[in-house]
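In the two complexes below, chain A is the common chain; its partner is chain B in one and chain C in the other.
And now, the complex of A and B:
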């Protein structure tokens, strides 16, 4: 034993790590494999018997994982677009055209010091970002991104969306109260008042649409709008669309209703005392909220994943690689090399000081891009869900652009003007919309 | 955190690091001074009513115009009372000037209203010229007027951008800073510095107009009017902006006169008082311009009035360029300036109001006393009258519409 202990004490720290962790990992792997072999069949039968559960787990994981790149993209979009509106450039150093800046911000937020202010209510303080983020991300489950591509198709999907949207209010109030800071308190109370006031016109403006559609299931609502562009509900419920859009801007705490985070008055509102990943959660939750609100507008009023026009000519592509036989093997060997050389040749010929290997690399990259574009095009033509997804994303990001545009242009509304607007203007307008729709339905006997 | 002369009360060991002793009041900062109230007003302010709380918009804040501390007494979201605490930028300029030569003081007075620095120098130089009995050449006077009106436009552009920023609009700041940058580059070509110019001298200005300044000025003047229209067009018709600033911080004539408001803040209440017309100085009697006046007295009126003033300044610049006489730009003055013993008061119309210098000289080459009369300081006194009844969000908007510059307030 003394030999072992003497050898052990002569090891440095990395050595000790290696000699403990690797055997541990090996043991764990072996144990896992044995466990899998033993209980594997039972797990497999369990999963195949409960396919909806598996589907739900996969969907929830996908939604959680998808929300973060979406937030990154929207953050970058906002920085660049507002910069262009301000006649600036915006981020342009970190990646090509500054596109990796959001990723770097995300990493920065992870490594910042994570502290709780003295006097803060620690469990509430810690849970508030979680609640806000969940309230944002859970809504992504019901949004139909493409035909067949949605998390769950509740038949009360719309109600679920509003319910979960109200969850973030609790999180904001928790953040404002537990920070032990008057600025945060003001911000939290303002945000609670704002979100609660605007939930009512938000919900009421959609009831007219519900009467037209006859269902709360978002998938069915989108299917109702398939056909032509005139089937989209925006043409049948224009006032509803307008009210929904305005109320949704207020729900998402975006300018001109962003007084919860009005950084010229109450520094950062409810998030003043938050740093590091906790603040990152609030930050991401806001941008995921922008995405959700845009997606919901598109789903309800603009036809979801429906294309506004059909291709005027029929396109079908039915590749049949098996019929080529041995030619396929030859093509697989020859085509990449040929395309690399073909794309490299112009660069090498026209730029006399470019070394050959650089031109070859450029050719390789371009031929890969062309191949990816070809595959995407084939997927676009052949698969329904690719087309649907593309149209959905285009429309949603058009609305995200509108939100960013409003942030860059409009000043902020005061809290009493905001409440007055909600209660005195939006609520009667949404009721009017409701009555007119109901009356029209009765008169037209639908 | 509490500024107590006994030092913080260390009672509690920190949970995270046992070597650190925590201030027992950590996290419980109340902006109440640690001494008993010295005046009636302090006593009245620092006693909380029912349901009221203090909120400290401290010296570090994204939108106080410099280092200004405001203690608000709030009832929920409504401001009940307000106490501005000044002095965070006090540099002792008046005392330093008592020990400086008359030449040096021109440079020291620049950072007072750093946004519009030439006006600070102008009042001082005029006071000195009264005591030295100097006659400033006409070309120098015209150059003074030209550069000062350019700076007035630049300062009002900054105001426009800042006002919109405090209301939440991110874009107008950057657009008006384009204007400001062009003007400041122009003046940099003329004077050698972009912000703290050190340009005026007793008896004239430091250097004549040069080619670069004239070419920049010419190219800017051709675009100036349309740029101003574009920048204001973003805000004037904006429903949110108008609704937030109309009826906000209303000052009536009597209050304004009682609180010694001058400049655009006074003219927005209907009193057509402009130092350039009331107590004319330099060559303003020869120039033809109007004094815009509005009668509502709210923030929107103050904003629109400053936009009108930009247009009037453009007219003045135009006339200066056409009527510029030839001649020297500096009178003959001795190297060591010793004005006759006496007192002189000189006031100019700065973009913020009436800016004046009261100079007392005792015959030596250092002034005996230099009293700086700054308009922003007086406007801040009236903030306590304008704010109560408004919401917290409006605090910053009213402050921005009064356009204070903390360099001048704290001197």
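And now, the complex of A and C:
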């Protein structure tokens, strides 16, 4: 035993870590294998019997995991695009073109001190960011990203979306009230007033669309817009689109309706007393909200994952490599070499000072890129969900760009102008849209 | 409607979109550096001229102008006047290069600044009371003190500063901007002309007599008094010889009466309020 203790004391810290972890991992692996062997079949039958449950768990996990990188991307986009519009460059030191800056921001909020102010209602204070973030993330579950790529296909998916959007109001009020700070309370009340007064034009503006589509299921709405660009609902409900876009901007607390979180307003509104990761949750929830309203605009009015023209997919390319026989082996050996040489040749021939090995490296890299592009292209034309996802993301990020563009351009409205606009202009306009659509449907006997 | 609703929004957003594609004005330091002209004075350093002396004359204008009193300077100014140390002690420092000061032949100050001589402050208090301790009448106050004492003694400036609330540095800076205000005791310059005509008329004897009674030599700084003996550079046209001037005004002095005249001059100079 003393041999072991002597040897242990001669190890450095990394050595001690390794010598503890490796046996532990080995034991765990063996245990896992034994458990799999013993109970594996039961678990497998359970899973295959409850496939929808499995699907749900995977979908929820994917949605939670994807929301944070989406927030990072949108934060980076905002910083860069607003900077470029201000004739600045924006972040360009942290990572290539400054792309890691939002990741660093995320890490920064993790390491900040997380305190609860004295007098604050602790359980409510702690849960408020969770509720706000939930309100954002749960809406991602019903958005159809691609054919077959959605969380759940409710037949009341649109209603669910609006209901969950209302959940974030509860979170705002919880934050404003439990902070034990009159300015937070005021900010929270203003924010809640803004969100609930814009929810009415938001929901009314899509009722016309619901009458046209006949269903609240988002997947069906997207399917109704398949065909060509002229089938998209934006052409059949232009006023509805406009009202929805404006109301959604206000719902997401974006400029010009962002006085609840503007720097010059009541400190940080309802989030004044929050720091560290709790503030990080509010922060991320806002940017996920931007993604959600863009995605919803795209889903409802711009055809979701449909391409603007009738995409003849899936084009089934059925390569049958086996039929080549021995030629396949020869090709496997020859094609990489030939492609490397082929792509290297122009560089070596046309540049006199390029050494041969450098040209070969360039040729190898380019041939790899071409191969990857070919595989991606094959996936693109063969799998409809790849195409659909690509179009959906393109359209959604075009709208995110528009939101960021508006933030960089437009001045903020006052709270009274904001409320007046919602109740006196958007609400009557959405009712008008509703009546006109209903009248048209009656006249056209649909 | 003469206006199109939303047109303002559209024009604004079109402008920002155009700006999105325009070249950016950021200078990416340190890869790129901005062009500065050779005359640029934004450096945080004191400059030297080509002979090695500091260009800074401690005129205190920058310290006077600074609204947050963050500038301090040490050292004597060019006429050997009282050091001005003012501000937080950690900002003190002799910024004058001592060897440059020695090279210039000026007296090198010692570290502890010499204290000002105390004076009778009754006159200062009377003047301040007359001006109602108002710092806005500073120029009048300083002019009256100059009249009373012949110059602005440091003790008087300190009394003015503490009574009126104006900063000492401001007083110092203001006073050095005006030609009629002086910090050192006035020196009466008695000048003797040594041109051939005056020498034939007895300027040499006049000069010796003046040197004896005043106790100083021609051209030297006054030892203790306020009368400095100088040589006129040239005969003033139209003046009688021998020519003796007091503060530039020709006096009628004969070699016989020069002793009594010089004694009267010295006594009159000593009779002024002490400074």
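We take it that the second predicted complex is superposed on the first by the 345 of 446 C-alpha atoms of A that agree within 3 Å, B and C clash if a C-alpha of one lies under 4 Å from a C-alpha of the other, contacts with A are read in each partner's own complex, and residues count from 1 in each chain.
Here, contacts are C-beta pairs under 8 Å (C-beta built on N, C-alpha and C of every residue); 3 or more make two chains touch, one makes a residue touch a chain.
The model shown is predicted, which means the values in this text are computed figures rather than measured ones.
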TODO: Put chain B and chain C onto chain A via the superposition and say whether they clash or fit.
DONE: clash
Open item on the list: Output check: A:351 vs chain B and chain C. Expected answer is one of first, second, both, neither. What do you get?
Closed with: neither
Open item on the list: If we overlay the two complexes on their shared chain A, which of chain B and chain C does A:408 touch? Say first, second, both or neither.
Closed with: both
TODO: Figure out whether A:416 sits in contact with chain B (first) or chain C (second), or with both, or with neither.
DONE: first
- [ ] Give one of first, second, both or neither to describe whether A:180 is in contact with chain B, with chain C, with both, or with none.
- [x] first
Open item on the list: For A:424, using the defined touch cut-off, is the partner it touches chain B, chain C, both, or neither? Pick first, second, both or neither.
Closed with: neither
- [ ] Please name the chain, chain B or chain C, that touches the greater number of residues in chain A.
- [x] B
TODO: Examine A:255 and indicate which partner it touches, taking first as chain B and second as chain C; both and neither are also allowed.
DONE: first
Open item on the list: Tell me the contact category for A:16 with respect to chain B and chain C: first, second, both or neither.
Closed with: neither
TODO: Based on the superposed arrangement, let me know which partner A:89 touches: chain B (first), chain C (second), both, or neither?
DONE: second
- [ ] State the stretch of chain C that overlaps chain B in the combined model; pick it from 59-67, 77-85, 149-157 or 185-193.
- [x] 59-67
- [ ] List the residues of chain A that touch chain B in one complex and chain C in the other.
- [x] 85-88, 408-410
Task: Contacting residues of chain A [partner chain B, same complex] - done: 82, 85-88, 117-120, 180, 182-183, 186, 189-190, 255-256, 258-259, 262-267, 407-417
TODO: Could you pull out which chain A residues touch chain C in their complex?
DONE: 81, 84-89, 92, 405-406, 408-410
TODO: Please give the residue numbers of chain C that touch chain A in the complex, ascending.
DONE: 9, 12-13, 15-17, 19-20, 22, 24-26, 28
Task: Residues of chain B that touch chain A when the two form their complex - done: 22, 26-28, 53-55, 61-63, 77, 164-171, 173-175, 178, 234-235, 238, 240-241, 243-244, 391-396
